[in-house]
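Let me begin by handing over the structure; questions about it come next.
Chain nomenclature is as follows: A, B, C, D and E, assigned in order of appearance, with residue numbering initiated at 1 for each chain independently.
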């Protein structure tokens, strides 16, 4: 029996989304574009249960008030069934309460903050990727296991992303945090360079760098380290581990040996796998202007696949309540997830992806080492 | 001590970047008496052109600057200053947005025009950084000489200050403004190509740099090329030292800006700027 | 407050020196002006006349010397207090509020005597309304006095030079000054208009009881209406006295008037 | 006011009052945002348009007002309506304190100082020692007020009407100010600072005062927006906000009261409209529209309309 | 004698306000013409219209036989016109010397320019003393000298003077009229002179125009004009 909430009909499912297509986080806009491309593919192949997906993606310029406005527009004017894959912590924090009061699903928020898994307070929100705190913990665990006497310097972006990951890292180190971490430095997204920070961190005598910086700054860091001849053990956050978008511009030879945790396959790396080939073919056909080597496109692609799975599970009961129920009972693997990692949720678990794999950059691609990590 | 020296030199290196953009601001100010807030984005756009087709960039940027003057700025010649400022803001958005659309938002590597292992590179400063400072100083000398010693430079300054009287002595003011924009565009392109190898090329590349360059130009004196370069260096060094030794990285920008504004309160036309007295 | 203290001159300038870099614009200049007088201040171009005015309105600092107005030392007061003290002025190169109408310019002139507060203005308190009414009345009066009624609502920037000069005069008078500083009011006037100006300045003195210090190159005017004339040259006072005496002064003739000054009149 | 103006004004007010009952919630919310920006623009216009002090950083006061309201509601449990005067007062003081040293700066130099303020504000809001109040990078989430006295109004409707009342009062006060001696003094300083002083105007006092009042207005705008958006975070108040405010003032009409409203409409609606045209480079479209606006109306919308009337 | 300046049916307006209503003027090469009129009559506007400066105009203007109307100011100037504008047009932020150098903008003969520098400094020794000073800080009279000096630096054929005696001390006024007489006699520079000091103007003029509210109402020789009662009363006194 068919049951619909606003946005769903026999022929269409309306899905809303907000993205920073402009503003300081424009680089992430491609996530929304690749997701849109995937829905084009789904529609071209007949849709989901005969229903076409109408994907409405609006620009929030990474500004919370604009996100509220756009989200309300999607919900009240466009009457979408749900909000899917909106990106950014502050923007979604601003809309979270509204969507929860309205009982509109806020599915697969593309941000690593912890608030998307807080199902008791926000039963209508759910995240997607591993939280930054989880990622920080993973690095801490690895350091404690491999080199408990390391002297660690931390570079982080002074925003929720950077602070969360540092928090997870320090938490993970526990009592050892004080002795292990010898220096911290932050930067603002508006800073032109992080040269000064790198020099400070180096002069602290650290032998390990936790690099919790975003793409451009990560690349700057790698290059600056090479320029001044600093060669500590280098942990790079998952956010910036794209080979094509970060390591190559920074100079792959300088990046050799760095460690990072990942949950997606790197597209430039996994070209010779069937999954990688599928992805490349998809990009070529449906999103030719996008960069097929950009990990962000993998994110959009994978999130869209997860949504398609969820909608398929929901069947003809396209009510918002049922969608949330389905969202809380996912268990699947996705082609571009790192081999072994599963997307899994439950009534008490709103963190769909919780595991990560540590990998090492060998100059051209990533090689894995150790077991899957995570709670 | 070693670390301090290193910070100092790193400050000089980033300062060199600010200085090069500050020079573009001085150029446009001297020839139009306005500060073009889109200068940074225009330089960024030029740099993309350089990335797409090396070599021609400076010339193309000259043409681009001149065209912008001709098409967008000239119709505004009777409009109030604030309207012109808003047009600058619009230009900033247009160039930024176009660059994002045409070239994407992911960072691109921009090759340094200097060989990586040049003899003048040191452990403390890379060859590019030294080279960038050298080029900046050379551009500074050129601009200084141009405005100080050539009839054209004098005519450009005159046209900026008093267009009506300038016409009365036979100066083609429209031409001067176009030339000023063109030259500023060209200087900006040079700056862009010096900046990009350091910060990577992306549409947001100049966002942060422009603020510091603006501050540097004003601290040094917006009508003085030497002042602007010195101001750029001061800002770069100040920012690094404050961040590393005084208040930490979180507040370094704030404190640096407070200091700069403090300097300006004491010396309202900058360290090297000339105070223009208005007599009644 | 409006009655000058007896005996002492209204304005006493003592040993005022002003330097700009190497230029000595005023060199120990001293003179005084009695209440109710029209005092001419003349001298070659660049002699320092406008500089005296700028010292009197505290735009320049007057170095070591002192300026006393009505027996009070005013050479250390802030600039904006001068209007309140009773010194009004016009400017050699016009300094009107270009975006405002003639009436509004005059209303701003009233400010010196009745500064307005923010709170009163925002809430339109009764005190504020009264001040406004008074200011409007004053402005109306001066518009009539200076025959500016026709252009009262026009933006000053569009008016001819001569009219603008009159607006400046009106604006200065709005502040009910006791001493009025006029910097070359006759500039650009033709013969007939000059006569009108002479009459007007006399009337300002006689009817409004304002003492006038007048800088002017038009000798006919200066000689005709001044009670006393002070002559500057290269920042120094070279002569002082009644017009008839000053025009015979050899140094004045040599530096300023030239042999046959009749043609300048 | 002349009769025509009076009737036009009354009609407009009536329309504004009826609006929330005719439009859907989302539009009412947008209208509330327009009102909050209008107050902010009015504030900036008093400073930049009337007093001639360019501010490129008024977003900082908008932020300060928003945070004052948010902190008072969230941490101290103050009712929303009480936070409006509080935000105004805090910003008034902050404005005067900033305005005093800024007195020495003019033109470009003031632009830089205010620009710096705008850049620094988000970083100050993130500053770790202020986190207990500001919520750091996470920001603060607020509750939306219900209509009082059991009035049958939705939250959106009530908040809109509340904001409308605030706006009407503030516009009336601004009108009083600008048509008084103090208002003329403010404009005189813009036209000719030296002559203004010679007329007995204490430039320091009026400039600092104008700065304070301007900041107060903008802060109140910020407070209204915080209540409407129900969220404040440092990222809400980037440089872009300050720039938008300046754009709004110029598009609306520098040195006009009603311009604030047109400017607010522009900065709320044109970006979304531009997005409709192209998603590839919406800001390029916005920029082009902006340039066309100032080409056609270099004096702003308000001046164009005023001229039509005459 | 050829006509240097011929003006027919010249109208001029600032925005919507029309100021000149069909003016006709003509000047022989090497002559001195005085333009008299009351405050606001349109004298300044006439001079501005001749070099298309800040006003909209219709009508024909010929300078040395070439059509000048419709050309931009700077190209009219290159026909050999120099204008001492009302308000002096000083480049306030530049030095005195730079102001003078600008007067010679476009001239290529370095030696001639150097000579003219000496000549102007000779006329106005005060300017030489102030040569490095920011022109905006010169006294009113000094700026007036500078404006005249700047105009002379271009070696014009036609000199348009808008109240050259403005703000100058009596001795300097006398000097200036002497200078005008000399450059007219020695170099054949033609002068169109607007001057409130009508007595002086009539002394050196060959021909006089009288304006009222944007129209020419009288044209004649100085003698004829002196004989006109109304003119005598308003401009000459007695």
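The rule is simple: a residue touches a chain if its C-beta (ideal position, glycine included) is under 8 Å from a C-beta of that chain, and two chains touch if they have at least 3 such contacts.
The model shown is predicted, which means the values in this text are computed figures rather than measured ones.
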* Contacts common to subunit C and subunit E (chain labels) -> B
* Structure fact -> Shared touching partners of subunit B and subunit D are A, C
* Asked: If you average the Cα atoms per chain, which one ends up farthest from subunit C?
  -> A
* Structure fact -> Check: interface with higher C-beta contact count, A-D vs B-C, is A-D
* Asked: Using the average of all C-alpha atoms in each chain as its centre, how far is it in Å between subunit A and subunit E?
  -> 74
* Asked: In angstrom, rounded to a whole number, how far apart do the mean CA points of subunit B and subunit E lie?
  -> 42
* Using CA atom averages as chain centres, what separation in Å is found between subunit A and subunit B? -> 36
* Mind pulling the residue numbers of subunit E that touch at least two other chains? => 137-138
* Structure fact -> Multi-chain contacts in subunit C, i.e. residues touching at least two other chains, fall at 50, 59, 91-93, 95
* Hey, what residues on subunit D touch two or more of the other chains? -> 119, 123, 126, 194-195, 282-283
* Structure fact -> Pairwise touch list, complete, is A-B, A-D, B-C, B-D, B-E, C-D, C-E
* Show which residues of subunit E lie in contact with subunit B when the two form their complex. => 51, 53-54, 72-74, 77-78, 82-83, 85, 89-94, 98, 101-103, 105-106, 134, 136-138, 150, 154
* Asked: Which of the residues in subunit D come into contact with subunit C in the complex?
  -> 173-174, 176-177, 180-185, 187-188, 190-192, 194-203, 209, 213, 255
* Asked: Quick one: in the complex, what on subunit A touches subunit B?
  -> 22, 24, 26-27, 29-30, 158, 185-188, 190-193, 195-197, 199-200, 202-203, 215-216, 219-220, 227-229, 245-246, 248-251, 291, 294
* Structure fact -> Listed in rising order, the residues of subunit C that touch subunit D in the complex are 57, 59, 78-84, 89, 91, 95-100, 104, 107-118, 120-124, 128, 131-132, 135, 171, 175
* Structure fact -> subunit A partner, complex, touching residues on subunit B are 2-3, 6-7, 10-11, 13-14, 17, 97, 100, 104-109, 123, 126, 195, 198-200, 202-204, 207-209, 211-212, 239-240, 243-244, 248-250, 253
